[in-house]
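By letter and in written order, the chains are A, B, C and D; residue numbering begins at 1 in each of them.
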Amino acid sequence: MKNTFGNSISVTLFGESHGRSIGAVLDGLAPGLTVDEEFIREVLSRRRPVGAISTARREADKFSIESGVFNGKTTGTPICIVIPNEDTRSGDYGQMTTLARPSHADYTANCKYHGFEDYRGGGHFSGRITAALCAAGAICISALKEKGINIATHIKQIADVCDRDFGDLDADINKLNKMDFAVLDDSKIGEMFERITAAKNDGDSVGGVLETVVTGLPAGAGEPWFDSVESLLSHALFSIPAIKGVEFGAGFSIASMRGSEANDAFYMAGGAVKTKTNNSGGINGGITNGMPVVVRCAVRPTPTLSKEQQTVDFKAGEDATLAARGRHDPCIVHRARIVVDCVSAITLCDILAGRYGTDWLGAK
Amino acid sequence: MKNTFGNSISVTLFGESHGRSIGAVLDGLAPGLTVDEEFIREVLSRRRPVGAISTARREADKFSIESGVFNGKTTGTPICIVIPNEDTRSGDYGQMTTLARPSHADYTANCKYHGFEDYRGGGHFSGRITAALCAAGAICISALKEKGINIATHIKQIADVCDRDFGDLDADINKLNKMDFAVLDDSKIGEMFERITAAKNDGDSVGGVLETVVTGLPAGAGEPWFDSVESLLSHALFSIPAIKGVEFGAGFSIASMRGSEANDAFYMAGGAVKTKTNNSGGINGGITNGMPVVVRCAVRPTPTLSKEQQTVDFKAGEDATLAARGRHDPCIVHRARIVVDCVSAITLCDILAGRYGTDWLGAK
Amino acid sequence: MKNTFGNSISVTLFGESHGRSIGAVLDGLAPGLTVDEEFIREVLSRRRPVGAISTARREADKFSIESGVFNGKTTGTPICIVIPNEDTRSGDYGQMTTLARPSHADYTANCKYHGFEDYRGGGHFSGRITAALCAAGAICISALKEKGINIATHIKQIADVCDRDFGDLDADINKLNKMDFAVLDDSKIGEMFERITAAKNDGDSVGGVLETVVTGLPAGAGEPWFDSVESLLSHALFSIPAIKGVEFGAGFSIASMRGSEANDAFYMAGGAVKTKTNNSGGINGGITNGMPVVVRCAVRPTPTLSKEQQTVDFKAGEDATLAARGRHDPCIVHRARIVVDCVSAITLCDILAGRYGTDWLGAK
Amino acid sequence: MKNTFGNSISVTLFGESHGRSIGAVLDGLAPGLTVDEEFIREVLSRRRPVGAISTARREADKFSIESGVFNGKTTGTPICIVIPNEDTRSGDYGQMTTLARPSHADYTANCKYHGFEDYRGGGHFSGRITAALCAAGAICISALKEKGINIATHIKQIADVCDRDFGDLDADINKLNKMDFAVLDDSKIGEMFERITAAKNDGDSVGGVLETVVTGLPAGAGEPWFDSVESLLSHALFSIPAIKGVEFGAGFSIASMRGSEANDAFYMAGGAVKTKTNNSGGINGGITNGMPVVVRCAVRPTPTLSKEQQTVDFKAGEDATLAARGRHDPCIVHRARIVVDCVSAITLCDILAGRYGTDWLGAK
């Protein structure tokens, strides 16, 4: 269904970078959930830290909840959130460029939409659309929190600099959810900034890895086969521009383990079934096992560069060169982090609502 | 929709390891496509090489096409393929075991199905169900081939032994599609066998990585956001038991590249737009760019081991130990390879039929 | 999704009249529901009364539950039911007829499937496929019954002969569910038979109206707009061949009522909210109000006639005449009745499972 | 999916009567279609004729196209149309009423949303939401027209006054699409007005029947079984509040016909296959046969009356009486007419895009 995702709870996206607005319709949430506009604002601000690398807070996108919230609570009907586009300088784009930015969607959009695409600022392919995902996701994050389900993502890696692994999950989640540049080991921040700045100075960009953990999920959610938790989460996560890999638990590193090493031994702990390791990332046979869900996403370096690149003019059918003008993020890893949280939260709400019914998320 | 996947073309799975049969319903394929039962048989046999490591051909699963094929051609209506379960020794399973195999679905199935699950041989979670996916996928592979779209998967890695990278794609695809143990560099086969045998002798297992390439896809298929080619392919691929990671193009390695290195420079070649590298795996903005689609899957080592493992008796709520009896695959990477091909083929048929209409796949 | 319907609980159909088998995959039902094969047999037999008008029981279709049922209970995984085609005399159909039966699907199937359709006996368009719907529906009828939700359909009208209206619903439902030719007023049966026989003797056919009632549904199920109970039920009911009209409550007769007459006044009865009339058919704003759901379906007279009809040879592109040979039902109203029950039961199970979660139907 | 409908082309609704705005997201339309804002305005004005019965034009709802249209053409990405709510006098609704309007959604909304629903002016159940459907539908009507597919609806009946049947379809469609009060036989308008006025004077309301015709559809669109043209159209039409019956072709009257009378004899006309009658309403076996699609909808009389009605206070659990204050439409049949056109157009675009691919609607 193209711009709609989800079964019991779904999200529909719309908008272009330089159109009137972007937005999302979030449908199927239980009635009676508190909608905290201040928290939505905070989440949106996380997507837009000042410049590339500063943690000083920048004003978040202004948004308007058009429907589905009444007296500060969800009504159970669709929540439409609109984020107007301001200061879009659309004059700058008076004429369509037919120079395809390498590894960007300019060329494929043209193949698909035959030149009718809104090419300004990436149009519907712009990372800006993720602001709408974040607004919708913020409501889902709050809803999950009310049920004791917590989610956080850290910057596992930028360029060649790696953060430490998750340790005490409650403390780590708490820490991360207060940070704009979400790193567990503060001593790594400087190095990561250095890599971003160096790339920027070269007119280049860097990528990284995001690692997400979700605690408090009940065992028994998800489905074998096509609606496995992995299937649904990866479907949603790969929707985020720049994500080129998704792995759960030990992920690709499981390939070189032996079974006896990879398997997560079960044990009883205070009447509950737990596992000693979590190489399965909290999911067995597509279904949650009650351990934290762990997922990592590979984020490509921003494709738009001020450095000159070889490309084609796809209208003229000729080779060409291109150097992007204006400001461009030399790194989007730290910004993509909150998008990953939000997209995961929406998907998990959907899985849980399907499993336990419409009202479960709202029940006290 | 749980056991159904796809929009324009969909597949529905059913069956348990020790029930009467397993099967799949493949719906939405164009009328008039040739259905080659011999090829389906070949694909099914690829899923079942003799023992763990021999390439000698074993008899494939017997299957029966119940519907949707008439005079050797698709009718355009649902194709149901049933594979009867034979020789299932169900007597061995007279009593449910409540000892959860670590990292297997025994425990999560019990959480979800409350003890009503068919626990025999893994029930609906059994890898055996992938035979149905393969039968359906074989038809899709043939359909794609008729349109000049070719697909092949090689064993990129088993344990610590790696195959060479793809080179001449036409030749490599051709070679792989004749092999049971699909490795590009024949000199690696012995080493891989050695790792499998060693694990087997230890009552243990090994995992690996599968790498798939698809050539001949038109540029402009897929959607931005939720129906991106990455989203749909990963959704389908993570449905395969044992897959714990999926990455496209450069995948996780893109995290440590700079943009100038990661970006795929466009150039004109004989009137067509191509890219010099393919770190994007043939997909920009969720849409095919005409270059080969490249996807890799991490395959976990088989969780069922004859080695003793720590676990719980989830009925008694007690710690326990477990050593699986009987034969168990010490490695499923080489068998999962054809499942990856099949699942990818089904998904790509769906994407193409949605883009170009019902009849496109059948048009000459 | 073509041959799959439903969100939380879905049914997938396959098969052709003269293929190997027909069948259905019912997915998403709660685990632990009793599957009574004898009841499925009874339901199937209701679809096939001897000849056109006799109530003497004919042998039901033989069916085989391939999956999803273990020890007599649903497992929670897909239930595939296969009904083999026997005695199909496929030799009779050695050559495709290109004479389109008026108001049958011969011509439209050819337009859609370009001559690759299995034309034998109506192929995938055959009413025989409804046997698969009935097998799946029988399980849903039983599941609903366990939750105190009962469903029954009577022959409201055949040709110009009308049955009485529903009265004491419990008694009426009880009575109908024991009958093959389901009429509330027994004195009308003779007259209805007479109309059928007269048509048969003329090489002609008759139609009618079916009226269904569902009691015991909780208030608050269904959705405003696209997933209204009316939307979902009508979607499913119009899938049944020969249905050309669907109406709820007062239906088309509401057009000539005034609001004060059409409105169903609420009142309290023993602590529960009820309505004095039920012109809304138990549904307000797309959502159940706790009153019985009432729906009527118009059933066309069988289009296949032994009487000569004007038609075209769509291959030759010439006018032609056609008189069908062999036995043809002069009336299918009484047979369609159980199909309506079954399709309604599947749809209501889906609505309820979505509203109250996966396990609700199975909870005691 | 609750507030989203469609497969290849989908529409998502949001909004409440007294919230900030209502709107729709229309996704999947081909790129390059002309979007005529003036025509959207005209369609919206048809939904709001002055008062109940005047044909003098009232200002249409103001709308804003937020996305998906660029330089007056569709881009191929989601079109979000927002219609702000103005002059909503929300002060009037300071306190929730717990007196259920008979046959309205007040009570069922409360059952479903537990008191969190936005009760003001009917909230998300308000007929006002249909304005969003109309805005989206207008674009689809234009798109169909470009492909030679025309659609029109007339008021077949109000109270006991009936319009004439369709005659010369091209002329009739042309005539209807210029009218606010769409009746084929102008001499009936006065009588219909009289019925509406009489009801109004009594604090009461009247209902009616709408009949829609669609010409120019290619033969071979739609599917057997669950995606039959009847299934999809009825699903969409029953989403419109107040619709209680949907019938195709001869509809319920087919019940008393004999097969020889009901069947539509095929004949050749200038190389094309046609039928002499159209009792099947252009659909055989769920698939278009190239004849006009004909569908009728029963529209209930408006449930909100100034006349006193018996009801309950569902919070107090007590019997009560209710007489609605303020202005209420004594008839919505003439207003619902354009909604039926719009909903049908959206659904047909979806069916055609699925059949012929994404770009078909936009191809010249």
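We adopt the following convention: a residue touches a chain if its C-beta (ideal position, glycine included) is under 8 Å from a C-beta of that chain, and two chains touch if they have at least 3 such contacts.
It should be emphasised that the depicted structure is a prediction, and the values quoted were computed from it without experimental measurement.
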| item | value |
| --- | --- |
| Most widely separated chain from subunit C, with each centre as the mean of CA atoms | A |
| Result of counting contacting C-beta pairs for A-C and A-D, higher pair | A-D |
| Whole-Å separation of chain centres (CA-atom averages), subunit A against subunit B | 27 |
| Chain centre separation in whole Å, for subunit D relative to subunit A (CA means) | 38 |
| Inter-centroid spacing, subunit C versus subunit A (mean Cα positions, whole Å) | 45 |
| Touching two or more other chains - residue numbers and ranges from subunit D | 1-4, 7, 13, 77, 112, 124, 224 |
| For the subunit A and subunit C complex, residues of the former touching the latter | 7-8, 77, 224, 354-358, 360 |
| Of all residues in subunit B, those that touch subunit A in their complex | 1-5, 7, 13, 100, 102-105, 107-109, 111-112, 124-125, 129, 157, 159-160, 199, 202, 204-209, 219-228, 230-232, 234-236, 238-239, 241, 243-252, 254-260, 262-268, 271, 273, 275-276, 279-281, 283-290, 298-305, 307, 309-312, 314, 317-319 |
| Subunit B contact footprint on subunit C (complex, rising order) | 1-4, 6-7, 10, 12-16, 19-23, 25, 27-28, 31-32, 64-68, 70, 73-80, 82, 112-114, 116-118, 123-124, 359, 362 |
